[in-house]
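I am attaching a structure below and will ask some questions about it afterwards.
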Amino acid sequence: MIFKVFPAEELAALYELLAVNPIVGPVLKGRDKKDNALYDFALTSGFADLALDYGQTMHSAKKFFLPHREDLCTFTLSDHDWDKHVDYGAYQHTVLFGLHPCDINALNKLDKVLMESVYPNPFYGAKRSNMFIVGHSCSPTPSCFCRSMASDSVIRGFDLFLTRLDDSYFAEVNSAKAYHLLEKIKSYHATDRDHKLFRHAVSEKNKKITAQVDTSDLTKILDMEFHADVWQEWGDKCLSCGTCANVCPTCYCYGVEEEVDLDLRHARKEKLLYSCNLVDFAEVAGGHNFRPESHTRLKYRYYHKHRGFVEAYEESLCVGCGRCGNACLADITVPEVIASVRGGDNNGK
Amino acid sequence: MKLNCDIDIKHLTRVEGHGNIRIRIENGKVAEAQWEVVETPRFFEAMLVGKHYENAPYICGRICGICSIGHTLASIRAVENGFAITPSEQTAKLRLLLKHMETLQSHILHIYFLAAPDFLGVGSVLPLTESHPEVVQQALRLKLLANDMCDEVGGRRLHPTRTVVGGFTMLPDRYRLNQFRQRLRASLADLLASAKLFSTFDLPSFSRETEFVSLKGEGEGIYPFIGGDLVSSDGVVKAEYDYLAMTNEYMAEYSTSKLSKLSRKSMAVGALARLNNNFNELHPQAKEISEDLGLLAVNHNPYMNNVAQLVECVHVVLDSIVLIDELLSSDWQEERQPVIPQAGKGIAAVEVPRGILYHCLEFDDEGSIQRADCVIPTSQNHANIMYDIEDLARWCVAQGKNDRETELLAQMLVRAYDPCISCSVH
Amino acid sequence: MENKLEFIDLGATDQPEQARQSVHDFEYSHKAEITNVYPLTATEKLYQIQICDPDERHNFTFHPGQFVMLELPGIGEGPFSISSSPIRHGDLELCIRGVGNMTNFLNRVERGTKVGISGPFGTHFPVENMIGEDILLIAGGLGIVPLRSPILSVLENRSRYGQVDIIYGARKPSELLFGYQYEMWKQFDINLEIIVDEAEQGWQGPVGLITEILKKRIDQGRDADFRHKTSAIVCGPPIMFKFVCDQLTHANLPMEKMFVSLERRMHCGRGKCCRCNIGSTYTCLKGPVFDYWSVLNLKEAI
Amino acid sequence: MSIQGSLGTFLGVEMAKPKVGFFELSSCEGCQLQLLNNEATLLEFLSLLEVVYFREGMTEKSNDYDIAFVEGSITRDDEIERLKEIRHNAKIVVALGSCACFGGVNQLKNRFHDLEWVKKEVYGDYPISTRKAAPIADFIDIDLEIYGCPVKKEEVERIVSRLVLGKAVTHPQYPVCMECKANENICLFELGEPCLGPVTRAGCDSWCPSNRLGCWGCRGPAPAANFKQLKEIVKRYNIPVERLLDRLECFGGFQNIVTDMRGSGGKGENET
C-alpha cells in the first residue's frame, strides 16, 4: 500500500476533481426531536453538501448498489411469443465519498456472495465495478461494535482511504486511478511522523468503541442454544417489520414479483429486497410456513449472519455498524441479543 | 302545448352522491317539483366529539372525496382560529396554492366529466374518448397538472398528508415548483381551448332571481378563497365568526341534508356566487374570458355556473403562477409552528369548489373536541336547486318543452350546481 | 473531462470470456415451448416442454433430481423438478400441481405457449454411485415427481443395478400419478408396491401406511449386506421421510446412503435470494437433494 | 358502454374484458374518484374493462356485470338490500377502500354506544334513520379487499390487471415500516410523532410517513402485528397512549385491538 498525505483544505479540490462523476456521500437529512443530526447517503451537488463528520447514517448506502426495487428483466409480448430484455442498471461510474470502514467491509462481504460465488449477480456486479470509493475515518458512536466484527479497519475494496489527522489527511492509496488523482492536488509521501500520527489517530478512535460482541466460538454456541428461551423473549418484542434488514449494509435477500402493464403487452420481473423477519419469508404455496413465529425468524437472521456465513466464508456477515439496533423500534440490538444467547457462559464463570 | 308530464328520476347520475328529481305537471300547472336528497348521513359532527384536535383535519377531509383539501384546510383554520394561531405568510401562500389546484381539479372534473356529456349529447365521458379525443386529452392534461401539484404541495391529491395544524409537515421541492410554473403557463392554451369549446355550447336561457352568498375578497384584486367577511348579493355582510347568521340551517322531510336560507326563501353558493360577488377581483385575463362568454355580474342563470367554473380555472392558474413566483423569491422558512391548545371555539370559512364551507370546532383546554359543526356548500344550495326546478318546470311548460327535454334540462340544472351530496349529508 | 471515470461494461467483449459468460447466465432463460399437456389427476398435469433452439436443447444436460426455474412472463417463476430422463436433454417433462398464482395460470395454458426455462439447478440423486447396488425408491404423494427422473435413469441402465424397489404411497387411488407407466416399469424387473391411505371404488391394492410396505421389504432383505449394498431415495412430505428414514436407520442403512429432496420457497435458484435457506444452508445450491446425515445436521430442516 | 369484447390472448390464453360496475354506499366517494385521478393511465385502464355501471360518471346503467367494486360502508338498512342485490348480480365483489373493508371513518360514531345521542347531536329532534356503521363483509361474502383511505391508484391498477389476467391477487404481508425504510424516511418516532407503520399492512408505499405524517393505519392490521410492543414504543417516546388509540380507532381496521387495549371503562369512552 502507498501512503500519502495532503493538507485538509485540499479535500475540496479532490472532490472537485472527481465532480465530473456523480458523487454520493453522507449528507445531513434532518434533526430528531432532541435536535440530534440525522444523516444519510445521497447524491451530492457540491462539496458543501458532504457531512464528513457524521457518526453513523440511518441507512446504509445500499440503494446505490442493491436498490430496494429493481427490474430483473422486462418482456414485450405478442399474441404467441415474447422477448426478454435485461438491463443491469449501471450506466456510469459513481463515486462513493466518505464511506466508513464498516461500510466498505460490508461491500467486500457482499462481493463474496454476490460476485465471487457461483452465478454472480450482474446487477450488483455492474454497479460495484463502476464504483470509485473514497473511504473516510470515523468517529465511533455508542452503538458501533465494528471492532468485535473485525470491521473497524479496512484493507481492500476501496480506491482511497482517508484518515483525518490534525490538519491533514492520511491517504491509503489503493488504485492507480486514486494515485493519479492525488498527484493533481498538493500531496506528499507519508513520513515517519505521519505514520505516528496515523497510529495515534487509530488508537484514539479505538478508545471510543465501547459496544462489543464476544464472537469466540459463536457458531458453536448458536448451534447449542438453538432452543434457548431467550429467542422467544426477543421474538416477543420483534415487530416483524423488516427495518433491521432494510438499514443493514449487508442484508441482500429478496423476493420476486412479476407484473403485467395495463396494455397487456409489456411485463416486468421485479426484485424487491426482503427481510427474513417478515412473516411470509419462508411461506410456500398452499400456506405452509417454515418459520411462522417471529422468534424463529429473528433467530434465523442471527444464524445466517453469525453462523452460516461464517461457515461459508470464515467471516461474519455483520460489520458491527449498529444501524439495525439504532433503527429497531423494539430496541433489539446485536450486542444484547448475542450476549443474552451466550448468557450461559457468564453463569459458568 | 304539453299539459301533463311525470318525471321521476331516482339516483341522478353524474353527480356526487344520491339525489332524486320529481316533477309532475298536470293541465299545464306544476303540481310537484321536488329535489330529494336521500343520501345516508354519516354523522361527522358526532364522530369528532372526544377526539384530539389533530384528528380534525384528517377526519374532516373524509367528508368529501372531491374537496378533501378544502375540508382539511377548513378544519385546520378552525383549529388555528380556536388556538389563536396565525399561519405564517409562507404557509398561507402554500395553502392557497393547494386550494387553487383543488379548485382546478374539481372544476375540470365537473366541466368535462359530468357536465360536458350533456352538451355533447352523450351519456358519459367514455364515448368522447372516441368522438372528441382532443377534448378528453385537454381535460386529462389539466386534471393531471392540478393533481400533480396537489401531490407536491399537499402530499396527496386526495386526503392530503402534509397539511397540519401549524403549517406543513414538509415543503415542496423548489426545483419541481419551478417546473410546475412552466406547466401552469402551458396549461393556459388548454383553458383557452376549453373556453372556445364552451362558446359552442347552447346554455339554456333560463334564469331566476337569486341571493348569492360567498366570501368577500379582502382588498382589491383579491378573489377570496380562505377566510374573510361573508357577504350576500342582497347586501348582507357578516364576520367569519358570525357564520350561523349566514347559514340558518333547517330540516325538511324531503332531505337528509340540512338546508339554508338568508334574506329569501333560498340562496346560492358556488363559483357563480363567488364570481357575482367578486367579479372585479378576478385576474384581468380571467375577467376578459368571462365577458367573452357572456358572463357578467350579477348573472342569475344557474346554468352559468359551468361558465363561472371555467373562468375560475383561468383565474386560479394565473394566480398560482404569481404565488409560485412569490414563494420562489425567498428562502423556505420553518414549515411548522408550535401548537398550544386552548379551550374555546374556532370558526373557519373557506371557499371550496362548490361554494362557501364553514367548520366550527369547540375545544377543552387539552385540545380535545367537545362539539363540531360543519356547514357544507351543497346543503346551502339544496333549497335553491329545488326552487329552481320548480321555476324551470314552469318555464318548460311556457316554452312548450316535451317530457324528455324537460327531464334533461332538470338533470342539467342539478348538475350545473355540481352538487356534492354525500358531502352535504356528512 | 479527464477525471471522468471510465464506465466498465461487465458484459462487454473485452471482458474475460468466463466473466462475461457467468454474468449473462444470471438472468438468462432458454425460450421453450409447451409441446403437450396431459392432465394426470384433478390437480396435476404433465407438461412436455421443449427448449426451442436445437443447440441449446442439445447442450442442456442434467442429473436426476435437479430442478429448473420455469418462468411465465408477467405471471411468475418457480422451481420445478425435472421429471423426465436425462438422456432426453432439453426435451423436458415437468409434472406440476396447481396450487398458487403461477401454477394455476399454467393450468389454463395450452400447447404452443412459450415459456422460459433456466437451470438445471441444485444437487441430484447420485444414481451413478449406486451402480451395482440395490435401490429403494420411496415416494409419498407428489414426491413421485422428482423420483421419476432417477427411475427412468435406472431403467435405462437396468442391468447395472441390483434389485430395484419402488414403494409409492398416495392418499387416494385417484391421486396416483403416472399410472400409465407402472406396467412398463414392472417389465423392467422392478418391484412396484403401491399403497393408499384411503380406498376408492375399484381399488384392489393395499390400504395403509407406506411404512408397512417398507417393513416387509426390510424384513425380506435382512441379510448381512443390506447395509452395504442398498441405497435409498426418499421423497415426500417431511413427516413421511422422517418416519421412513428413521425406519431405514433402524434397519442399519447408513445415513449417507439415504437421499431426500427438500422443498423450500425459492425465487432465484442461484443462491442469491436467501428464501430457501435452512438454518443457513442454501437449498438451491447444497440441495434440494441431501443425504439424511446432512438433513439431520440442518437446524429446522424437518 | 366502452369498447366491447376480447383483449386478445396472453401467453396463448384468451382474455375477456370483464363487465364491471362501481357502486357506493356511505362514503366520501373518494376511492371511486381515485380511479379517475389516474389521468396518465386512465384510458388504458378503462380499455381493460367494460364499465356498465358507474353512476357518478355515466348515465347508462346495467345490472349485467362480472365484477362489482363496492365503496363505502353500511350505515342504513336500505343499503343492505342494495348490497345483497349487487352480490346477487356479480361474480366477484370487491370491497373498495377502508370504508367497505373495515367501516372506515364512518365507524367512529360506533364509539358512542347510544346511537340516539349521535342522532341528536347532529339532527336535534329531527327523525333520521341510521345504524352502526359496518364493513360490507358483515352482510355478504366478498371476494377481494382493496385497502386504503384512499385506495392507492397504482395498487388498484395492479389488482385490476391481475383480475383481468386471472392471476392471484395478493397483498403485502409486511407492515408499512418496510416500505418506509425502503424510502429512507426519517422515522416519525424520532420526530416525536406517533406512527402506526409498525402494525399496519403495507401496500401504500408508506404514503403518509413519506410525507412526514405518521401512519394512521388506514389499511388495517398487518398479519404479524405486535401491538403489545407498539404500546411499549409509544410509551418510551413519551407519547400518550390515548393518542395511539385515537389513531388506531380511526379507520376501523383495528377495532378489536382498540377494545382490548382500552379494556372496560378506559378513558376516551364517550358514553353520553
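Every chain is named by a letter (A, B, C and D) in the order it is written, and numbering of its residues begins at 1.
The working rule: a contact is a pair of C-beta atoms (placed from the backbone, for glycine too) under 8 Å apart; a residue touches a chain by one contact, two chains touch by 3 or more.
Values in this document were obtained by computation on a predicted structure and should not be read as measured data.
Visitor: If I rank A-C and C-D by number of C-beta contact pairs, which comes first?
Guide: Counting C-beta pairs in contact for A-C and C-D gives the edge to A-C.
Visitor: On a C-alpha centroid basis, what's the spacing between chain B and chain C, in Å?
Guide: 66
Visitor: Provide the C-alpha centroid distance between chain A and chain B, rounded to the nearest whole angstrom.
Guide: Those two chain centres are 52 Å apart.
Visitor: Roughly how many whole angstrom separate the Cα centroids of chain A and chain C?
Guide: Distance between chain centres, rounded to whole Å: 37 Å.
Visitor: Between chain C and chain D, what's the gap in Å when you average each chain's C-alpha atoms?
Guide: 43
Visitor: Listing for chain C: what residues touch at least two other chains?
Guide: 72-76, 100-101, 112-114
Visitor: Give me the residues of chain B that touch two or more other chains.
Guide: none
Visitor: Note the residues in chain D that touch 2 or more other chains, in rising order.
Guide: Each of 10-12, 165, 167 in chain D touches at least two other chains.
Visitor: Classify the chain contact graph as line, ring, star, complete or other.
Guide: other
Visitor: So in the complex, which bits of chain D are touching chain C?
Guide: That would be residues 10-13, 165-168, 170 of chain D.
Visitor: Spell out the residues on chain B that touch chain D in their complex, using ranges where they run on.
Guide: Spelled out, the residues of chain B in touch with chain D are 11, 13-17, 40-47, 49-52, 54-55, 58-59, 62-66, 68, 109, 113-114, 117, 123-127, 129, 136, 140-141, 143-144, 147, 155-159, 161-162, 164, 169-170, 251, 256, 422-423.
Visitor: Which part of chain A faces chain D closely enough to touch in the complex?
Guide: 29-30, 32-33, 38, 40, 58-59, 63, 68-69, 77, 79-80, 82, 236-243, 246-247, 259-264, 272-273, 275, 278-280, 294, 327, 329-330
Visitor: Considering the complex alone, what residue numbers of chain C touch chain A?
Guide: Interface residues on the chain C side: 1, 3-11, 22-27, 29, 71-77, 99-101, 103, 112-114, 116, 263-265, 267-268, 270-275, 277-281, 285, 299-300.
Visitor: Mind listing the chain D positions that touch chain A in their complex?
Guide: Touch list, chain D to chain A: 7-12, 15, 41, 44-45, 47-48, 157-158, 161-162, 164-165, 167, 173-175, 177-178, 181-182, 184, 186-187, 189-192, 197-199, 222-226, 228-230, 232-233.
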